[in-house]
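Heads up, the next two complexes both have chain A, just with different partners, chain B and then chain C.
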Partner chain A sequence: MIQLTSLLRMRAAHTGNVQRASQLRHLHLSDQPLMLLALKQTGPAARPLAVMLGTDPHRPRLLLAPPSGSTAPMLSALADAVTAYIDACQRHREHLPATSNKPARWRYTDAPQILVPNPQTVQHLKDLGDDLRFRSVDESPGSRAVQRLGHWLTYLTDRADLPGSAALIPMTSFLGMHWVSGQSPQEDEDLATLLAWIDPPRHAASGRDAAHTAEDPATHRPAGPATDAAFDNDHLAPLFDAYARARRRALGLEQTRTLQELDRLLATYLQPTWDLMWQAYTLLQALPEAKGTARRWDHERTAFTDECTYLTQDGRPRPARDNAVAAAVRLACMEHAAAAFAAGRTAGDPFVRAELRTTGKAFGGPVTTIDPEHTLHGPSGRTQWRPRLTVFTSDPVLMEPGQLLACHTHPSARYKICEVTPGDGDTLVGLEITAGMGTMDRPNHAVLPDAGAFLVFTIAPAPYRMPEFPARDQTPWTHGGPPAGQPYHSDEDEGEEEQ
Partner chain B sequence: MTPPHRPSPQQQMDQAARAILEQLPTLTHRGLVVDSPPGAGKSTLVARAADALARSSTPCAVIAQTNSQVDHLVRRFARRHPHLKTARLTATDYTVPHDLQAHPGLRIGTRIEALEKRADVIVGTARKWATVTDRRWPWAIIDEAYQMRSDTLLWTAGLFDRVLFVGDPGQLDPFSEAKTDRFRGLSHDPMNSAVAVLLANNRDLPVHSLPVSWRLPPSAVPPISNAFYPSTPFHAGSREADRALTFSPLDIRTPTDEVIEHAARTGWALFELPARITGQRDAEAVQAVLGIAERLLARQAVTACEEDPEGHVLMPGDIAIGTAHRSQVHDIRALLTCHYPRLHGITVDTANRLQGCEFRVTIVLHPLSGRGDASAFHLEAGRLCVLTSRHRHACIVVARAGIAELLDAHPSNDPAYPGAASKVADGWEANHAVLAHLAEHTVHARARPGRRRG
Partner chain C sequence: MSSLDARLGVLRGTTPPIPHNARTLAALTANPSCDRRSLLDAAGIDKDALAAHLDLPRPLRKSQLALDYGIAFERKVTAQAGAPLVPLLRQALGLTLPEVSYEDVNSVGSDDDKSSPQLRHARTRSLILSAAHRRSDPRTLLDHPVLRLTVAGHQAYLEPDVLAFQRDGVFHVVEIKSFPVIHGQPDPIKATAALTQAAAYVLALRELLADDGLPPDRVSDTVILVNPRNFTRHPTATPFSAHKQIKNLSRHLGRLRRLPELLDKLPPATTFDLAPGPDQKPTRPRNELVAALATVRPHYTPGCRHHCDLAFHCRTEARNQGRTAALGTAVRDDLAGIDTIATALDLTDGRMHPSRDKQDITQALRHAQRIHADLQQDTA
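Entry: the complex of A and B
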């Protein structure tokens, strides 16, 4: 998957302008996402400094933690803000009728979506979640809300690990799915320069020029969670010192004044990034949604509903470490999510198929012949209808006979490679339609292509069945036997099949 | 020098095998691990152990990782242990090879209910065994256990009281395309091999190792053992004089002839092309690989070994070409089909698919040849180990110059994690060790390349 991206990157570097990597959006964008910027204090592992958040581009809310002393009031305010947003998603529910393999269910019509500037902020929220969700609930006001915040942060950051999930998205990665800039992938993690490449101001000569301007240390603000060292030294340190002095001498007024000054300073510091986030949001919202996007959001809502149910029924925090079975289930979920997301993008996006064609994982070409009447006798002697077609392609065909293929025109149809005849620089591939064409009595003729039609075939996604893992208390001796302690509800609900 | 009373390889092997087989029936632990270097008679041991275990209790389950490994084992049972009632448990969408289907003593079934009553030994893939539930049998043997991901072991471990794990610790570790950092350091990391997790959770399990490689010639054992099996060294089962690779004499000598003659004399050769960054697709290297194969056949190479002391004329089926990437396999196969009709029948495949196979001569396109960087994939010790340990007579490596410099420019900087450790040697170090060994066997494509780029 790297060749086309590398080519586009070189082209972008050469021309100075960003290149499109896809014209369709594969992740759902909520009408009301919660935008969240976080800053942490330099030094401690997960001590927050400030959080700017909100759903209204014009009214960001800044929550400030004092440089020293308790962060509880700030965390409590953050918990209230995030919980209020999450609660708002639970206002309406929809009923899902029973299907062949699932009983009737209901789920919320909305799910939270939090947008953060970069992957580092996701990591910061993960650390914060690890810290907060084990805090004990006591009499102090807000302690339950803070613990709950930890729970949600862990849920959201866990979701962020699953490809195709839209619960918590780092903006730079989201933009990177659609545009390839002429800078290195590491530089792409800076929102300001990446966005300058993608959407340069009108007066800029090129994306590269705009990125150069955006990099100017005098004006550039890192999107967090770490602050700039110069900013720490020149601006934060004096205020921190002033606050510490005032605190030592118990000068309440002086403390408040310093905090107000810090508030102003950080609001100014974060404002440019806040505006960039909404600029990116507008850009992404303008992209048309790919076909599978809505279905992926359905799964997101199912996962959210399940988590809400768990919280009301049980509510214990997720364990710090996965036990043997939970880790295996988690890995199976991640692998399945990655495969399903890749398959969905392939089916829905010509740019993705083009990229696969360059690496031999897909090939495209005109249909030269078609034999719609072809039949063969199965092992039981029954006559099976297997229409045949031949495709002429100049793509490299790295596949072997027997390989099952899918085609974007009819997602449920399957094609088996019967023979591959390499010619001089091109290849004839003989295919047999094995699924999706109906039966001889009730044929689905739409699947049969016309001769001359240009089709792209990709490797068919393997049919997915969540392997049956033993129950937690049945963990075999090879993996240390059943773990001690109370079982935590496993992640089995996440094993949603996305077919 | 050999000490006077050192037991012969056969005696060493018998002793090791006996120690394992005798321990099995009275084993007080729940498992036993056998580390086996390349070509050490792993399949023989699996078959003998299954035979012995089936005597006391049936059925004995045998679990391998791929269908071809299972077919290979079933074939061995059918041939060498005809008195055992062997059954092949298979998935519905897999077609068992015709020779096995036609075998009269063999039962093939897709459901365990149809096989379990009458079979002594039931062989199937781990994936298929995972579909079996509600059973409890005294013994299972897991073959190629180092290729098994530990989450796969979770599915099946509950079916058996005791398990014999047999595998080659130097081969490719299991992999996943998912982001698996969160599992690092867990003693049950689902990404680790089944044996690594097993030993991390059961530190007192007995671990045996097979001491002799019957496949690798004496010339290959020291470099392979040192580079890839630092913790379980092994010896060669054959003597220098047993293995020979000879050609008809020739007047004209090209660098290609020099390569194959050097390989015939020493068991190793590195055919070094001028340095150049080519990426995966290196037409010149591919031509060189096929040229070497063609020369071997054109010059009527004759191999002699313990099994064929009279000599055997090298056929295309005795040669394998190994690469790191599928696209390289494709390029070589395409070229072979069109322009090298004499080479039809040569095996061309990636390291992953050559695991467990054996050939008389192998030609290897070095994973780092022509690259501008050395990623973890290309540095993986298991990959190079598989590629350089498939041969009975000679291994010829084709590479662009400058790999040593490339390695020095890309020291492995993967973070180290506490917890279950893989037995696989460090890739960077192993690559350097193999390269240092090959340096003594280098033949340059041109007598003296004029310019070099580093």
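Entry: the complex of A and C
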């Protein structure tokens, strides 16, 4: 099996120009995303050095933390900026009428969307969230806001782990869904070279040439959060030293001057990446949205609304490490999200289906025969309508009879493989429609394809039911429940780790 | 001097060899099938100098800020004769250390400057053996001892941060690393790298004990990493099993015996000598050096930049030759058996007829191509 992406990567490398992958956007793009670039200080775990952020491409805001000493003023300014952005999403709410299985509720009409350059920045924000959300709230101004920022960073980075979520998106991964470059996936994590492949400057001969130019160490600026060794040694270290010296001798003026110089240095350092982020945003915005995209954004807004409610009603920080049940719930949610996102993309995007055909998880071909009258006698003796069709495919069919399939033309219909007849390089697959065709009395004839129609069948997503998990007082102590033989106190402050 | 040494010396030229250290040994396990790296390392060639001379980016250049931070953390941990370390180790190892004796092996015989590794090794050896044989009051903590490991017939001196000796006769390697352990979890990649380095120390210590007839299980497979805890600079100690890394590394060290084979494959008079002039600047023509490098087979992967100075040279080479490996391991594995992009595309587009063993993969390539063509047609 050769993945389609592998073939495209080779084509891109050979021609020097990027290849189109999916041409439909599966993640919502906000009209006003918060663009955020972060730099961390080399060494300490999650000490920020600078953050450039904003919703206006022409007016980025740079927040700078001093090389040594307290980061509190910077974090407090960051907290204010991020919270102001999040608050703006809570301006309007919509009412959702009750449905058969849900009571009436409301949700915000918007949700925050933060775009960062790469997955490493997501990890950095996660670490920062881990640090800040356990900070104690004291008298100092901004300490509550900083703790709240930690909470939001944890929420956002958590969402970023969920496939299909658009709350916090690393730009390189987003671009990678739509274009295949002629370099390795590791190199694709560098925004500057990836974007050079995708959208080379007009004078460049090819994407490859543009990427080569973009890589020039003299002008290339890594998108963070780590700064590269050369920049550390040549630019940051001297300024850090100067700042430390001034601080030791309590030379206020000298300190301010060094900070101003650092500010200028980092503003110039981040500006190219800032421009690239908006360039990428424009490219992605031009892509048409896939069918499920709006629905996924609805879920995003629901999750955001729930989080806001949690913050006002409870607001305890998420524990540093989930207990067994919470971890299992989280894992189940992630699996569900991954399956739902995969199914949604398959249904809505011909590229995804093509890719599945190259890996043997789908097959496609024209319908050769159709038997609309075929019936079965169920165990109770009742006659069941089970129309049959045969599909002729030149894709290798690795599936066994009995496998349930889905088809993009009728997402709710299900097809069961009855027989697989391999021929000379081709295969005839006999299918029976088992769901979505209605009953004998009220048939849904639309589900029956015409002979000759080209259909792609993919493995049907397994029906999802959230597994049941025990309540905390029902959980054995080995899995994070209350200690054996002791009564359970629900007001216990769980998960608060000493800091 | 053995003939092997002489031949390696010719490859290196006039500059003194760079000995293996724990970091380069760890890199051996990262990409063991790279002949180029094996040979350059065995000959003790300064790969960073090669990269600099070839005007390449130097991916392993160290940030001064990172070094300073690391040193400051290590100082903090080993300050006051290891005082902060003792309670940590007591907890991590269950040491019973009623009285801890601490020995700094950073310098032997002199007060300030670092002594030669040979001298420090001799001192380390006598301290370790007297502890192991319980001849004297056992030294429970050794700060920067110097161990010796035989790598492909050569002696490499290695310097673990700390060795801890348990009263019941087991040694533990302790590594002080400045990457954080957040909520009990270190970065898995960094932790694995640290454990692979520690594995080199374990092997070296076992070699030392074996020379004196002591069994290998006197050195524990469990390695203690001392890292900053969460977002603070306070140290925390975590025991990790380095069993896998130790096994891995000793297997790769065993494989280094195939050096003579690699040397035999080289054209006569091959050398990687930079031919430094009187001002120590390399005078070797670059194209000659590139040609010399081309005589040894590399095994390039995009991950090489994390552990090899020459990564960008091999990348350029792989790209110029249109190798599938330059596109990452996923593409390379997908196309197992086809080395170049041009061959793969020729097979795909029918410009080349597949040999018998490439028939399956050609079919898969053409299948992917057909599907892609259908897709283009639909969207056009």
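Assorted remarks:
Following the convention adopted for this analysis, the second predicted complex is superposed on the first by the 475 of 499 C-alpha atoms of A that agree within 3 Å, B and C clash if a C-alpha of one lies under 4 Å from a C-alpha of the other, contacts with A are read in each partner's own complex, and residues count from 1 in each chain.
By definition in this document, a residue touches a chain if its C-beta (ideal position, glycine included) is under 8 Å from a C-beta of that chain, and two chains touch if they have at least 3 such contacts.
Computed from a predicted model, the values in this text were never measured in an experiment.
In the superposition on chain A, A:351 makes contact with chain C only, not with chain B. By the touch criterion defined above, A:467 reaches chain B but does not reach chain C. Contacts of A:161 after superposition: chain B is touched, whereas chain C is not reached.
When the two complexes are overlaid, the chain among chain B and chain C that reaches more residues of chain A is C. Looking at the shared chain after the overlay, A:335 reaches chain B, while chain C stays out of its contact range. Once the two complexes are overlaid on the shared chain, A:322 sits against chain B while remaining clear of chain C. Contacts of A:392 after superposition: neither chain B nor chain C is touched. Touch criterion met: A:478 reaches chain B, while chain C stays clear of it. In the superposition on chain A, contact of A:310 is made with neither chain B nor chain C.
Comparing the two interfaces of chain A, the one with chain B and the one with chain C have residues 321, 396 in common.
Residues 57, 61-66, 68-70, 178-180, 182-184, 228, 230-231, 233, 302-303, 319, 322, 324, 326-328, 330-331, 334-335, 341-342, 344-345, 348, 361, 364-365, 367-372, 374-375, 378-379 of chain C are the ones touching chain A in the complex.
Interface residues of chain A facing chain C in the complex, by the touch rule stated above, are 1-11, 13-14, 23, 41-47, 127, 130-131, 182-187, 217, 227-230, 232-233, 236-237, 240, 320-321, 350-351, 354, 357-358, 364, 394-396, 497, 499.
Interface residues of chain B facing chain A in the complex, by the touch rule stated above, are 30-31, 130, 133, 150-151, 153-155, 157-158, 163, 176-180, 182-183, 186-191, 194, 197-198, 201-202, 326-327, 330, 334, 337-338.
Here chain A touches chain B in the complex through residues 161, 321-325, 327-328, 330-332, 334-335, 338, 359-360, 396, 398, 422, 467-470, 474-480, going by the rule given at the top.
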